[in-house]
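Order of writing sets the labels: A, B, C and D. Residues in every chain begin at 1.
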Amino acid sequence: MSVIEVRDLNRTFDGKKVLRGLNFSVEKGEVFGFLGPNGAGKTTTLRILLGLLRASSGEALVFGASLANQDRLRRRVGVLLENNGIYDRLSARENLDYYARLYAVEEPRAQVEEMLEFAGLTERADDLVGTFSAGMKRKLGLARAIIHDPELLLLDEPTSGLDPEAQVLVRDLILRLSGQEAMTVFMNSHHLAEVERVCSKVAILHHGSIQAFDTVEHLRAGSGMPRLSLSLADPEKTATALDLLSQLPSVSRTEREGNRILVTLTRGSPASPILTRLIQEDIGVEEATKVSRSLEEIYLGVVQEAEGSA
Amino acid sequence: MNARILRALAEKDLREVRKNRIAIYGAIVLTVIFSIAFPLIFTQVPLITGTEGAPDLEEVIPLIPLEIQGVIENLEPQQIPVVLFLGYLFAPLFLIIPLMIASIIAAEAFVGEKERKTLEPLLYTPATDLELFVGKVLAALIPAVVFAWANFAVYTFVVNLAGWPVMHRIWFPTAVWWPMILWVAPAIALMGIAVTVLISSKVRTFMEAYQASGALVLIVVALLMGQIFGLIFLSPFVSLLVGAVLFALDALLIKIGVGIFSRDELMTSI
Amino acid sequence: MTHAIETDHLTRTFGAITAVANLSLSVEEGEVFGILGPNGAGKTTVVRLMNGILSPSQGKLWVYGKDPVSDGPEVRSMTGVLTESPSHYERLTARQNLTFYATMSGVAEEKLPNRVWEMLQLFGLEKRADDLVGGFSKGMKQRLALARALVHEPKVLFLDEPTAGLDPGAAKQVDDLIAELSRQEGRTVFLCTHNLHEAQLLCDRVAMLNQGRLLAMGTIQELTSRIWQVMSVDVDLLTPLPSDVLEHLKGLEGIAIESAAPLHLILRVRQRDLIPMVVQEIVHGGGEIVRVSPREYSLEEVYFAIQKGDFT
Amino acid sequence: MNGMLIVAQKEIRQILKSRNVLASAIIFVIVFGGFSSLSTLTSEGGGGPLDQLVFTLVPVLGIFMGYLFSSQAFLREKQGGIVETLLCSPLSLREIWMGKVIGVTVPAYGLTLLAAALILGLANSLSQMTLLPSLPLIAHLFTTVPLFIAATVGLLGFAQLLLGLRENQILNFAIIFALIFLLTMSQALFGSGFTISWVVVGSSLAIAILLLIATSWLTRFLDKERIVITIP
């Protein structure tokens, strides 16, 4: 059984279609990245999954049931939304203690201490959360979300507003939880470099329908010809090099990116003749690297294509 | 001080207030209650109950300040409540109008900006601290006073018109109202603003500021109660005095307010 | 020559907390200067100090030769600031918002309507000019905030997390625009960001702060080469390299061979500009190169190395 | 059941910690409580007016307290968006609502009793004779008053959860006016000569119970979707 199963999900708000026939599933232990522009329907999907909004038609099942009518099932689910769900006028410890008891955690005290330590807040445990920085609050929010050892963790932009240090912390945590404890993670995110590192699977949502749903590797493999990025020893010669390269049969396209040259090869062509040719013409090469497309490029491509067809 | 900046600030605040339902509904409710409902009720009650209301007043009359007793001596019984309440005792209650309007706009202009985080961008403009402060005070003061005066006009009209069957003449406004409206009303509006400014450094949301400055209504209630129980009487002279005291307090509070309203202080307290 | 921005032992304390400590830096006209560091490093305080919104506890600073404390209005008319949250007057329209800020920033009355309209067009908001800002999406609000920061044609632009919370498409638009402002219009940009990818893309120079202290400053390459003096280079070959070429490489000044599998070499070079020579030597010796890649350090690695204190 | 008490406990703790709100509640009690007992003394007639005053003023004070605190427990959480996280917890929406109602009613009632004690104490210490509250009045204080507060809090909480921000601002405004009106009315009432008998107390208790039943009937219209959509 899939942990999350979404079938033909539709939702309209005041006659406006926000979700149009969504289908996807998330398996146990997966880290699932849910991407898309603002207004694509990510938050609506998340809220339907959480049983906070109703579906107009279709279903969104978590552990095989709908959370909307199964409040007790929520004990197996941890949630970190845009709002951290933390009370400014209570201390960090009081906040965690509150949620530990709401979720009926077995040894609330020990668990609260452990979570305080995890968030790096042991020393500030008794300070009011109102005095914390945005990053500290986010970390506390995350600690709160996993205090009851959920089997499924739903995250909305988990690292937004965090500094690089905290981003790494959150990233490592997600990887550890999904690796060691087989926790399933579903995350909305705009931070594609991060999604690329932590997510095993992604879906790209656009105007309420899914445009791509696969592993990052598969998306990458399917996204066009191999490319080579060149950096010349003498940038002055860039124009000459571009001229020269565009005449070679194994090159299908050349682009200039600042001081670098991006060469798209025809499929199956090796890179060595290109380098040899440049050296023969006395153009020094400082670097020649194969580049795979980043998730960002794939994403922008998918969105652009969807926009074009819309 | 740059007049163009002051105008831009005041205009912007007013434009926002016009879209603030709580301010608009508040203004409407105040008008309906104070300027229309009260005069209607007090002028119609004697007509309906006839002279039955009079015996009750017999007991109250000894409590009434001597100054008014002189006025009502020559009146017919059913005219007494009309003149007593609408002509005299209500005067301080009317101060609630400038006070509330001023507090709402000031809460919006000072705390509302902080709450919605639009204050910081404003601080990055070249305007000086004093210009920002004065612009915002004017944005609250001018409409509050103008609105109070407009209400006074409505009240005058309703009192005379609805009171005609009882009074048979145009008798309002009485002398006590003029200093109250022209002198005390601006003073108390400014008080509402000054207090809101001071509160604004302590609270984070518009609602908190508004509720806290609502405590000022107590001043008005105290004046009203005092007048009803015969402890004080707001004769024109007393009104001038009360206004002067309020203005002096205003000056003091605003001086403190200007000190608080510096960029450095505002950023440090956020 | 005066710097666009210069600070000299700038310090600001809040009670017992020191937000900025002894900071001395200068930003040149027309460059994109990045300022990086964890939360609480003092980035926002620095921006506030530079605009005269806060006063320094100690030290001095100048923006185009003016002191923000004594000449606040003058400095602020030269600067535009994009604050962390793009807060607007939501009950006013986009046009009313911009007109208000333009007036406050001293744009002349006769130029005002045109300037506002120009900005709305530049940021693609002309169709929504007379709609209330309350109904705008995050991306639109961010663009309006940029328009607000630019409406009085400031010489220096301060940007605090300009792409935070934007979707990748909108973020790319904003990044492209920042690059254009600096490269084509010559405006100085002071960029605070947590997004190291963005910093790498946009910044000419970066400064790294921690707890108000300056840890390092320079171009990303300078910082990299100061941390890692030796650089390793991967070379992939199509056919095994003739052994005399290998011997020849070993003999070259500044080059060492870390490992030499038949089709894969790892070299250590002292400087980046030695690499073309290595490539040339291999090709001339008859080697067929498939890939040459110097071990690139991302700004993220540089960042963490510096924040950890690997750099002194 | 247990979850509900956890929510209630947290609300009580939070209210007791928010100094601003407590301060305004206490100022309100002192000003109106003190003021009213002073004015009773100026009128003659001994225990009668005092009984009437306590009978009408104390529930109004209680309602005011409930109003002050419920915006802490319901509205504030909605404004910030915390409520969404709470809705994702294993509690049902009804349990959350009930927990908050209890959590607000307890401190509001506590402060109200304090206010009643203050009014009675002040009146006693300032007048020459001992003015003891009558038995029906005591029954009133311990039954009708808490029920009234709970019903008000329940209704307010219900409205604050389901209404949007603007509607809530208007509601707030209306309530402030209603309170001023109620206060004026209660002042006016004690001038007229009616006495606090068991019948009066009993009928007001009946009203309170009816109100409470109506309130809990309303909870069937609580709806997560409505709450989430109206989060600003």
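As a working rule, a contact is a pair of C-beta atoms (placed from the backbone, for glycine too) under 8 Å apart; a residue touches a chain by one contact, two chains touch by 3 or more.
Keep in mind that this is a model prediction, so the values were computed, not measured.
> Could you tell me the distance, in whole angstrom, between the mean C-alpha positions of chain A and chain D?
48
> What is the distance in Å between the mean C-alpha positions of chain B and chain C?
53
> Distance from the CA centroid of chain A to that of chain C, rounded to the nearest Å?
For chain A versus chain C, the centre distance works out to 24 Å.
> Provide the C-alpha centroid distance between chain C and chain D, rounded to the nearest whole angstrom.
Chain centres of chain C and chain D, defined by C-alpha means, are spaced 56 Å apart.
> Could you say which residues in chain C touch two or more other chains, in rising order?
Residue numbers touching two or more other chains: none in chain C.
> So with touch defined the way it is at the top, what topology do the chains form here? Options are line, ring, star, complete, other.
Basically the chains close up into a ring.
> Every touching chain pair, please?
A-C, A-D, B-C, B-D
> Using the touch rule from the top, collect the residues of chain C that touch chain A in their complex.
Contacts found on chain C: 36-41, 137-139, 164-172, 194, 196-197, 238, 272-273, 275-277, 279-280, 283-284, 288-294, 300, 303-304, 307.
> Applying the document's contact rule, which stretches of chain D touch chain A when the two form their complex?
Residues in contact with chain A: 2-3, 6-7, 10, 13-14, 17-18, 80-82, 84-92, 224-225, 228-229.
> Of all residues in chain B, which touch chain C in the complex?
Listed in rising order, the residues of chain B that touch chain C are 4-5, 8-9, 12, 15-16, 19-20, 116-118, 120-128, 263-264, 267-268.
> What residues on chain B touch chain D, complex-wise?
21-22, 25-26, 29, 33, 203, 205, 207-208, 211-212, 214-215, 217-218, 225, 229
> Give the list of chain C residues in touch with chain B in this complex.
14, 48, 51-55, 72-74, 76-77, 79-81, 83, 85, 87-92, 96, 100-101, 103-106, 109, 145, 148
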